[in-house]
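Structures are listed in the sections that come next.
Next, two complexes with chain A in common: one pairs it with chain B, the other with chain C.
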Partner chain A sequence: MIKNFTVSVNNLRAAANACYSKSRHGLLAMFANDERPINGKFAIYCIFDGRNKKEMLLVKAVIDQHAPPEFPSLTPIIPAAAWFEREINDLFGLMPIDNTDLRPLVLHENWPLGVYPMRKDFDPRTVVPEAKKEFPMAHAHGEGVFEVPVGPIHAGIIEPGHFRFSQAGEAIIRLDAKLFFTHRGIEKTLEGMPIKRALFQVERICGACSVSHTLSFSQAVESVAKVEIPERAKLIRILIAELERLYNHVGDVGNLCAGLGFAVGTSNGARLKEYLMRLNETLTGNRFLRGMVVPGGVRNDLPGELLTQIAETIDKLEVDFIQLVELLQENDQFLDRVNTTGILPYQAAKELGVVGVAARASGVDYDLRRDKPYGGYEQIKFEVPLHRSGDVAARLWVRVDEALEATRIIRQMVTRIPVTAKKLKEPIPSIQPYSTGIGWSESPRGGNIHWLMMEEENRIYRYFVRSASYANWPALTVAVPGNILPDFPLINKSFELCYACLDR
Partner chain B sequence: MVNVLDVSFLYMVGQAILLAVLAPFIAGLIKKIKARLQNRRGPGIFQVYYDLHKLFLKDSVVSPTVSWIFSVAPFIYFAAALGAAALVPGLTSLMPEIGSRFVDLFMLLYLFVLGRFFLALASLDAGSSFGGMGGAREMFIAVLVEPAILLALLTVAFRTHSSGLTAMAGVGADESSALALIFAAAAFFIVLIAESSRIPVDNPDTHLELTMVHEGMVLEYSGRWLGMIVWATAIKELVLIILFSTFFLPWPIVGWSFSAKVVMLVGKILLCIAAITLVETVTNKMRLFKVPGFLAVAALLGLLAIVAQ
Partner chain C sequence: MLKILRKIMATGTVTESYDVTAVPARSRGEVREAKKCASCGACSSACPTGAVRLGNDDVTIDQRACIFCGNCIEACEHGALQQTGNYKLGELSNQLEEMGNELKAKIVRTLGRSLAIRHLDVGSCNACDWELTALGNPVYDLQQYGIDFVASPRHADMLMVTGVVTRNLTQALLMTYEAVPDPKLVMAVGACAASGRTFGESYAIQGGVDRFIPVDIYVPGCPPRPQALLYGLLLALDRIK
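On to the complex of A and B.
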């Protein structure tokens, strides 16, 4: 249930503060919407987590189009708002007053001043002139302090990101990251697009959590269309989502080993992930499990023989995976590298609104599947692993525990799917224009929260994506300082942050 | 006298060429065995030759900010490695009658140091942060490697009362010094790993710039010059392996035929390769600031060896 509050922009901070104090996990998302064509106003939306299950609080503050384009910043009371506000400032030209850090976030030095691409009067086909601005990076000062710039082009197959380390010898004093290099404007593209086509865009926001994004999108659509999907579709969605979690976590355990040069772990992780991705291809025709989840249900059924194949693959995989994990747990050299490296303290995780594995490794006990149940998760039994040390090791062990938990959920689904009715999909009716909906799901990296507003003929008026990586990137700059430079790749891998999830 | 000198000189040149030709094969073999141990198929054992061939066909991209150091460093590094390959008691140890008396332990070691010195200078030359970082780390490790390598080799030198490599290699193992030899061998093996930039000190296969030591130092190089550095690194590793095999895997070979001695040497080299790949497979890279502790162990073992001598 979503509780809506609409306030004038002057009361935004008071309203947000009231919701923040009542919420469990704080601010989930904050974004702007250009509603001038509807009612002549800009709107700032803040979604807060509620205290009890299924409850979310949504604060909407409106700014008249003739009023100054600004709103009171929430960052002084809610640190998690910092990135959201910088993004609103970049894309909508609505300035958060009292935000001390208004450096550009999404638009870099080549984007001209005063051009706000997410406003409705900006045509997405516009070719903007190349601007030559400065892009200020944060750095530390002092005698003997020097800077190490890394990226945006990296040696491996990694997406672009620029990191600026302020160093005293090998020790990192400060880290600033410049991201959003390959922003694709997906949110803008989706505007005016019918939901049937929008599905394909949303499915391609990210490769590794493709299912989760599609799930959030579908649930947002279903909530505005007031559609209840068939039981069988719910269970198949859970199965697919858990398969996604499993292949990601298994692959990430292997990837972590690459960060410290433990080749046996790396190659075995890659082998097991490949094993799962081939299963994915057999089930859905796509290695990233795309094409299965659609608004209203699922596209294809999983017949008995495929379910048997899933069960067999999972059984075989589990044996090998546990062997790999034991190899790591018994290896002192390995443990020496991961223990106490890159600690994200509980307080920082809580205040920055960190989600997913990174949060649960720092003692923040929050999982959307359990705490805001969606799509049938309320009827199944599962554990949410929690570790408290907040270091690389904790994030690794949370992944391991979650992967094993995912195999249990998958087995439950394999036995439960065959006894449900055959129906897979409900049609999406004509949706009331300008109605809004929220969809959320727990991806392997944490919650993906999508918000949409519809317009006529089942077209999208505005779409907003708060990905798990969006919430977690700022935590990296907290966890890294105090460590040494050669440990950065390891810490970075343990967070498993996604660039594409920012560049939506 | 003149005649003997000429023969041994020709011999050394021949050995340098032979080792230079064989070194990429050994490097490829290490890669292959490592891959097999790690459940991978791995590249073919001649891959390093193909890589070198490719690199030598390419032009070098050179930063406009560099000085002459950058362009001479690969040549000095390569020449030093080749010189070491000429001096190492490999084949010469199998034929003591023509072994040169001019070949000295310190000369061999300081050839390595010379190459490293210029490479570290070159790494600072381009002014990129990775190069400087790699160079700084390499020197920080070298400071600890050099005493350890010296102590280990001096154990053998004390026994022969000579720092001439040929004389050192000529001595077979005798039981009275077995303990000293074991300590010295352990010390030298640790140094061998550190010197050839392998796990757990460095990682030759990584693409993570921030963790690199040797690879970081040569990151600015490309084309032919990079080819020379890669080749020289392979030669240097082979020289170290031969040193280890000759001094620390002793076997009474006096009276054996020449071919039996060659087979023996090859066998010892293979054993050494197997040990290196095994270490690279079962361990991971250690924290950079734990490397001094690891190398201090080597130095301590070397010291113990001398005491036990």
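On to the complex of A and C.
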């Protein structure tokens, strides 16, 4: 249940503070909406986790269109608000007063000052001139301190991002990241788009989290449309979502080995991932499981023979995967590199609102599947693995445990799907204009939260995506300093953050 | 150590030649006209990327823009369209086709037996990137063809470009292209790079790759399967028999 509070902008901080102190996992998302065409106001929305399984708290602060375009920053009381506010400042030109870091985030030095693309009066077809500004990066000062710039184009097959390391010899003393290189403005392109078509863009926010994005999207649509999806669709969705977790985690265990040059681990992880990708294509026609989840249910059934094939593949893979994990667990050189490297302390994870594997490796026991159950997860049995050391090793072992747990969930689904009724999909009726909905899912990287406001003819008025990587990127800059530069790839891989998910 | 050796021995060789594994029945590949089209237009209004071109009495699919979603097929009441598992959709650009035979032979001679590739993401969702990574797994083992990924554009003969060109990566695209020594090849990987239309128009998107640099090979798909990428690579090197 979503508890809504609407306040004037002057009371935003007080209202947010009240919700924050009542919340379990803090601030989940914060974004702006240009509602001037509807009511003459801008709005700032903050979504907080509630105290119990059912509750989320939503604070909406309104800014009159004739008032100064600003709002009191929440960052001094809620550190997790920092990036959200910079994004709002960039895209809407609404300034968070008291936020001490208002460097641009989403729009780079090529974007002219004073042009706000997410405002409704910005026509998406506007040709925006190329600006030549400086992009300010943060760095450390001092005798002997030097900088190492890396990216945006990296040496491996990696998404683009620019890192600036301030170094004292081999030790990193500060890291700043310039991201949003793959910013495609998807939230803007979705505006005015019918939900049927929007689905395909949402599915392509990120490749590795395709299912999670379509799940959050579909659940947001279903919540505004007040549609309950058929039982069979729920179970198929869970199965597909767990397959996404499984192929990601298995692949990431292999990739982590690449971060420290353990070739046997790398190639075995890559081989096992390939078998899973092939299974994905056999089931859904796409190796990234695209095209399965749609608003109202699922598009295709998984008949008995495919379910049998899933069970057989998973059985074989599990044995193989456990052998791979044993190679890691018993290899002292490997353990030397991963233990105590890249520690994200519990307190930092908590304050930054870190989610998913990264949170659960630092002792933050939070998983949307269990703590805000959605889409049928409330009916199934599963464990949420927790580690506390917060280092590369902890993130690795959380992934290993979760991968094995995913195989158990998949097996449960394989036995439950055949006996449920055949229906796959409910139609989406006409949705009340300007109604709003939230959808969420636990992606392989953590909570993935989508918010939408509808307009006429089932079109989207505003869409907002807070992916897991969005929540976790700031944590990387906390975990890295104090480590040596050669360990950065390893630490980075252990967080396994998507750039595309963040940049949108 | 013994365990590592045992695992290597027990796994054996898993590498396969690029087209031996059959395509699964559900695989979503090329969409084509199967029966006479009634020109009702249902397909083209259902298509999320504007890939359907309606003629007077026929329909063609712009393979470069198609994301293989199958929406058009569901929308068609006449059963005129059909989805196949065909992934061998890589096509050479006119530029490469029209190049004199001698010049083409020279490029193939220079690059054909050992091709060094630099990957360049100019705004992808990372699905294409992951498929490039998959080319290096033991199953596809790109190196068996004398092809490999390298760390710097200065060591590369080819750029494999993924994603729609975003505003924030335009400079990186141009600089990376500049940094690759001649003769060089460019492959536009996936619907985004090949057409630039996956997300429509946006303040942050500049279009497809060929708006900025010459493209030699287009490999459609969303994302293209590793086998489709291998087909495209071998096609470019004139090694498809």
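As a convention for this text, the second predicted complex is superposed on the first by the 504 of 504 C-alpha atoms of A that agree within 3 Å, B and C clash if a C-alpha of one lies under 4 Å from a C-alpha of the other, contacts with A are read in each partner's own complex, and residues count from 1 in each chain.
Here is the rule we go by: contacts are C-beta pairs under 8 Å (C-beta built on N, C-alpha and C of every residue); 3 or more make two chains touch, one makes a residue touch a chain.
As the structure is a computational prediction, the values presented were derived from the model and not from experiment.
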- Who does A:M95 touch here: chain B (first), chain C (second), both, or neither? neither
- Message: Tell me which partner touches more residues of chain A in the superposed arrangement, chain B or chain C.
- Response: C
- With the two complexes superposed on chain A, say which partner A:A155 touches: chain B (first), chain C (second), both, or neither. both
- Message: If we overlay the two complexes on their shared chain A, which of chain B and chain C does A:R125 touch? Say first, second, both or neither.
- Response: second
- Which partner does A:S267 contact after superposing on A: first (chain B), second (chain C), both, neither? both
- Message: With both complexes superposed on chain A, which partner does A:I2 reach: first (chain B), second (chain C), both or neither?
- Response: neither
- Same chain A residues contacting chain B and chain C, which ones? 155-156, 264, 267-268, 271, 331
- Item | Residues of chain A touching chain B in the complex | 147-150, 154-156, 170, 257, 259-268, 271, 331, 333-334, 336-337, 484-489
- Message: Going by the contact rule set out above, which residues of chain B touch chain A in the complex?
- Response: 34, 37-40, 129, 133, 199-200, 203, 205-211, 280-290
- Which bits of chain A are touching chain C when the two form their complex? 108, 110-111, 117, 122, 124-126, 128, 152-153, 155-160, 180-186, 188-189, 197, 200-201, 204-208, 210, 264, 267-268, 270-271, 273-274, 277-278, 281-288, 290-291, 300, 323-324, 326-327, 330-331, 498-500
- Message: Per the contact definition, I'd like the list of chain C residues that touch chain A in the complex.
- Response: 3-4, 7-8, 11, 14, 21, 24-28, 48-49, 67-71, 119-134, 136-140, 149, 151-153, 163-164, 166-172, 176, 198-205, 222-223, 225
